[in-house]
């Protein structure tokens, strides 16, 4: 990934914007369908042969990845995955991106809450149907966990509920 | 909103970038003026007939929206509204956008803290003075609340104060 | 910084996208090298004469800034600095940007955790080697601190560790 911008401009810049934008849309869809548990749409973000490595939690193909998420991130487990600071490089029909993740996981029934951050290093491939994830993985900068028994006044509502203030 | 990027490029891509950028600037200004309580500038982000629906907290026009914010988000109430993952579609002088919100509200005097997330679904309209919000609304993915009495060592400083570390 | 988008398009829009993108890459590199404590790469983001003002914590040049960060943000101190809502203006070889920061600092040994937000107002300069930071500074919207003694079940892992859920 390029560490310096040269400030040069070219006739390819407009096309380059479109590719960057399409790669971002793919990543946002991947994380939106993850956090909303829309597993069929989640699956469609990945190539069948896609691999993943979440700081040592490794998946050899898409089926293994999706099966794990379906089984482990069901109702009653709230997740937030938001990515920032995209550093995207397009190389023909391949692309790479670094992203700075912030994530949360709350499992109220187990009194468990996690907050963390990580740098993703992803690879994408352009297909006739648009960009798809070829590899996704991250390495943690930190990960904090809470015991919600320490916070008896803590309460969490799931999708669609709202405390008006 | 398009779920797949086609990877195609066109002579319209540069103009498209400008429109995306202008829509983003509007949303950032809307949330910056909200969190800094700059209510006149906040009001100027919206069409007079703009509507809002924050997960059931509904406003029929701009005046109702701005009056509510002025009355309920005054000094002593700290807010953070940061949006991520823009999924923007431009259609002539209309635009839509999905955003992934992370927000916080702290009312120290009431020992109250809220952390949540939501997906915005906004509509914008291009006017002679730039893009304006025609509708804004979101649906929560989750919302957590804390009783600060559980955290006797918690302290919060308002605008401009800083703990150097 | 422009408060309204005009919706106009021009032949310069593609070049403008490239400049915006290069400025963003600089800011992301600055914060990534800060949070990963890669001090040589951090230093390379700044002009030698760069100044900084973090809500009153002032540095007169790059050497003073980098020395402070090396001395005060060492191992055992976890930081997160993520910026959002870029409002970038390019003016030839100069640029300014406003960013909406969210940051965290955890010093487990001292039972200390900070969460805050701020608006950055940065200045950048284009050099033969790419854009560099000429001035960086922010003003807080809020800053909250926790005494981790209130959370006996709190635990934090450093870079690379992961709790699989």
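As written, the chain order gives the labels A, B and C, with residue 1 at the start of each chain.
Just so we're on the same page, a residue touches a chain if its C-beta (ideal position, glycine included) is under 8 Å from a C-beta of that chain, and two chains touch if they have at least 3 such contacts.
Just so it is clear, the model here is predicted, and its values are computed rather than measured.
Chemist: Between copies chain A and chain B, are the contact residues mostly the same numbers or mostly different, with half as the line?
Modeler: Different: when the shared numbers are divided by all numbers used, the fraction is under half.
Chemist: Can you give the rotation angle that fits chain B onto its twin chain C by Cα atoms, in degrees and rounded to the nearest 5?
Modeler: 120
Chemist: Quick check: how many Å separate the C-alpha centres of chain A and chain B?
Modeler: About 22 Å separates the centre of chain A from that of chain B.
Chemist: At least two partner chains per residue is the criterion; list those residues in chain B.
Modeler: As it turns out, chain B has residues touching two or more other chains at 13-14, 17, 84, 102, 150-151.
Chemist: Once bound in the complex, which stretches of chain A touch chain B?
Modeler: Where chain A meets chain B, its residues are 13-15, 17-19, 21-26, 28-29, 31-32, 35-36, 41, 78, 80, 82-84, 102, 106, 126, 129-131, 150-165.
Chemist: Across the complex, what residues on chain A touch chain C?
Modeler: Its residues touching chain C are 2-11, 13-14, 16-17, 20, 54-57, 72, 77, 84-87, 98, 100, 102, 105, 107, 112, 114, 117, 119, 139-147, 149-151.
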